[in-house]
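The letters A, B and C name the chains in turn, as written, and every chain counts its residues from 1.
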Amino acid sequence: MKSLGSTRQKFAPWQDPTQKPFIRFDNVTKRFGDFIAVNALSLDIFHREFFALLGASGCGKSTLLRMLAGFERLSEGRILLDGEDLADTPPYRRPVNMMFQSYALFPHMSVAKNIAFGLKQDGMARSEIEDRVGQMLKLVKLEQFARRKPHQLSGGQRQRVALARSLAKRPKVLLLDEPLGALDKKLREETQFELMDLQQELGLTFVVVTHDQEEAMTMADRIAVMSQGEISQTATPAEIYEAPNSRFVASFIGDINIFEGTVEAVLDGHVEIAASDGFTMRVESELATTPGNKISFAIRPEKLKLSRKKAENDVNAVKGELWDIAYLGGMTVFHVRLASGHIIKASLLNDVRAVEDPFGYEDEVWVSFAPDAGVLLKD
Amino acid sequence: MNQNWSRFNIASVVLGFAFLYLPIIILIIYSFNESRLVTVWAGFSTKWYAELLNNQQLIDAAFVTLRVGFTSASIATVLGTMAAITLVRYTRFKGRVLFSGMVFAPLVMPEVITGLSLLLLFVAINFDRGFWTVTIAHTTFTMCFVAVVVQSRLISFDRSLEEAAMDLGATPVATFFQITLPMILPAVIAGWMLAFTLSLDDLVIASFTSGPGATTLPMRIYSQVRLGVTPEINAVCTILIAVVAIGVIVASVLTKRQEIQRRRDEHAVSDERTV
Amino acid sequence: MRNVAAAINRRLVILIPYLWLLVFFLAPFLIVFRISMSIPVTAMPPYEPVFDLSSGWAAWLEGLRELSFENYVWLTQDALYLNSYLSSLWIAFFSTILTFLIGFPLAYGMARAPLTIRPMLLLLVILPFWTSFLIRVYAWIGILKPEGLLNQFLFSLGVISEPLQILNTTTAVHIGIVYTYLPFMVLPIYATLEKMDHSLIEAAQDLGCPPIRAFWAVTFPLALPGVIAGCMLVFIPAIGEFVIPDLLGGSQTLMIGKTLWTEFFANRDWPVSSAVATILLIILVVPIVFFQQMQARAQERER
């Protein structure tokens, strides 16, 4: 049996120029009085994608989702679904369904009636409704709870009812607003994979709004990192992590070290930089820049190497003092203070149980990295 | 605020309620007084109740009052609910300030003003005074009370439920009737009962706006009181009190039953959850 | 296209109560004002001029010219009216204070009661409200009469030798107003007190504040919105009260509601009644607007 994840790896419709986007935000702006919640945003989401809108509160991601669902009107721009302009279509006529953050289950209806609600609005025949509701209950494994009322369910169960209800009508697009926020950690992890499997099985397009980067990185095919109503970067989790396009994205996801410097020379595929921390960096980059420019270099903690002595052929190396050590079990994060005062984080995997000559506080260490281990940021 | 019910607190509550209920109790007791004089107790008798049955005027008035009450309360509930929805949901439309003012003003407006102004309106447009003028008058001033009651429930109503309904394909009208209304129903019913009571109770407005053949019970009682106090009035009052009390008790028993059922359901869940 | 239906629905929901109130609440005030500028006649309707569209435009304009402020001038000439207004304001004010003095401890006691009893207490406060207001006022007649129960009771205790004349005095009116309007004072105060977080008092005490001072420093200010609402709900309508001064008050008790009623039903002077009502309305505009602002603000706060 093939794992569903294996099919995902080859899935990249955004790279295919012949593929038409399933959802298109075309220069969308939303204003609330003087406040601009979404600013001239354009985005394409493809069919069968698991797409995540990631950002801190207030960045506009929820507003964007609500505009797609039809609960907010656009100030400017268009939203196209499968080629059709959604314009004035009210939410009750869109082939889009939403799973609400608070679940919004109807308290005066049973689980089965909740799930059946959308089907009833469409005028489906009673027997068909019963069949579909049965299917949904089976999908989320809540068959015995059909007649319960929402207040008689646990948080995790309510979430599954909300999911079943939003899938009952087989929408083209499912919107999920912070779906895992109310669950405890263990349940959250389980549910993440359940959602991914579900999405693959049903072949639907999911758009998830979240502030939790781990959630986005785990579940999504592509992520759009948002800030102040605009998208900073849209890419796969790996690209966002390894090749952030700005300081903001680099520091938003995971930990990052940023070296400032001035460009000394631009060679074929390489850039030489005089770092302000007092060493020379030679990094691989196609970035078009000129000597004399100020530039930043971003590198993840796990890409840094620590050693007691400077190796002969290490190009990028700088000396520092061990300032702080955070032992996290699987890995240790070392905070190294350079002569300039800049503190860098380097993380090492604890892949051996007993380390010979472990690093200690205030030890002198050399921090080094390979030329291709980080990215230059165009700021 | 739920700690130590001090002696002072208990005393003030007991005294307060004694003050509220004493006159009513005295009224009830003296309705069974053998003697005509309200102040001399001459033995237990139900003869005033019997005489009541022969008092056609009072009985007619009672029926008029009930009809006016039902009709005006029902119309007022519909209008008041609409007004509440407008106040809570539609925050931007022209003339909202005026509307809000018109909804809250009758709550404190002296009845003589409301009554007089409505009477003058009816005369000016040549509308014959009778059942409908009283009903319209009562509807107008009670709908505001309904609006206030329903409004406070609507404010705390979770809007995401309505959005979820619309997201699933329900039009705004369908959403209102299938989701919103069932959930605010207790407030709507409370509003109806409030409107009904206010209508039942009203003397001043009815006096101004009523007409021949539509004399309400309070009007009848008032005219008889001016002539002299008779125990028949006590009997009528006692019956009214009994009717209201029974209604309230029934309502609270029903809600208690709902509570018990709900708690029983919840216990069933927590037992099963261990599975 | 489909949104048209939704838009129409929304318009209807706003318009229907709006129109109703405009026609049956606001417009009548304008009519009152217009009639206050007419003269009384023994005819039906008992005032002149009558604006009848069938008499044509000329008659209309003629009618407009006949309107005057005569009635208002007349009101200022008879001390009865001025005294009625002032007396009403004073009686309402004093009664409001009395109602507060009785209502606040009651509401406070209810808010401190054990949670299981509270719904019952609430019901008990509301119950008299559900019984006829006329009846309850009427019951007081039996109690306050010279031969009434209060005097009998005090007599049997030996406290008095002569019956107290309470009925048909202003004191009886005060008692009547307090009694009738008590629930209106208790309910808003109770609602506010109940929502109050008791840990605030505990925090005050933890910081060294003795209970009585904690009450004035913490509880009372937080209860203030409820207190003000309660006072408004008693004061404003009490000014225009009719039934209570009529049944319980005497000829000395001047209240504007009674004066208006007499003017209308006994003297059949519609124009003067209208003038009286107009002035009363003007007096009440300030407190009513204040009350509405309060309500609107409270509504916003709860969002």
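Here is the rule we use: contacts are C-beta pairs under 8 Å (C-beta built on N, C-alpha and C of every residue); 3 or more make two chains touch, one makes a residue touch a chain.
The model shown is predicted, which means the values in this text are computed figures rather than measured ones.
Engineer: Please flag the chain sitting at the greatest distance from chain B, going by CA centroids.
Structural biologist: A
Engineer: Quick check: more C-beta contact pairs at A-B or at B-C?
Structural biologist: B-C
Engineer: So, what's the distance in Å between the C-alpha centres of chain C and chain A?
Structural biologist: From the centre of chain A to the centre of chain C is 61 Å.
Engineer: For chain A and chain B, let me know how many angstrom lie between their CA-based centres, rounded off.
Structural biologist: Computed value for the inter-centroid distance: 56 Å.
Engineer: In whole angstrom, what separates the CA-based centres of chain B and chain C?
Structural biologist: Distance between chain centres, rounded to whole Å: 17 Å.
Engineer: Going through chain B residue by residue, note those that touch at least 2 other chains and give them in order.
Structural biologist: Expected reply: 171-172.
Engineer: Tell me, which residues of chain A touch at least two other chains?
Structural biologist: 90, 93
Engineer: Using the touch definition from the top, which residues of chain C touch two or more other chains?
Structural biologist: Only 6 qualify.
Engineer: In the complex of these two chains, what residues of chain B are touching chain C?
Structural biologist: Residue positions touching the partner: 1-6, 8-13, 16-17, 19-24, 26-27, 30, 38-39, 79-80, 82-83, 85-88, 90, 93, 95, 99-114, 116-118, 120-121, 123-124, 136-137, 139-140, 143, 147, 151-152, 155-156, 171-173, 197, 200-201, 203-204, 207-208, 218, 221-222, 225, 229, 233, 237, 240-241, 244-245, 248, 252.
Engineer: Write out the stretch or stretches of chain C touching chain B in their complex.
Structural biologist: Against chain B, the touching part of chain C is residues 5-6, 9-10, 13-14, 16-18, 20-22, 24-29, 31-32, 35, 45, 102-103, 105-106, 108-115, 119, 121, 123-125, 127-136, 138-143, 145, 147-149, 152, 179, 182, 186, 193-194, 196, 198, 232-233, 236-237, 239-243, 247, 257, 260-261, 264-265, 270, 273-274, 277, 280-281, 284, 287-289, 291-292, 295-296, 299, 302-303.
Engineer: In the complex formed with chain A, which residues of chain B make contact?
Structural biologist: For this pair, the touching residues of chain B are 158, 160-161, 163-172, 174, 178-179, 182-183, 262, 265-266, 268-269, 273.
Engineer: Taking the complex as given, what residues does chain A use to touch chain B?
Structural biologist: These residues of chain A touch chain B: 69-71, 90-93, 96-98, 100-102, 104-108, 117-118, 121-122, 148-149, 151-154, 165-166, 169.
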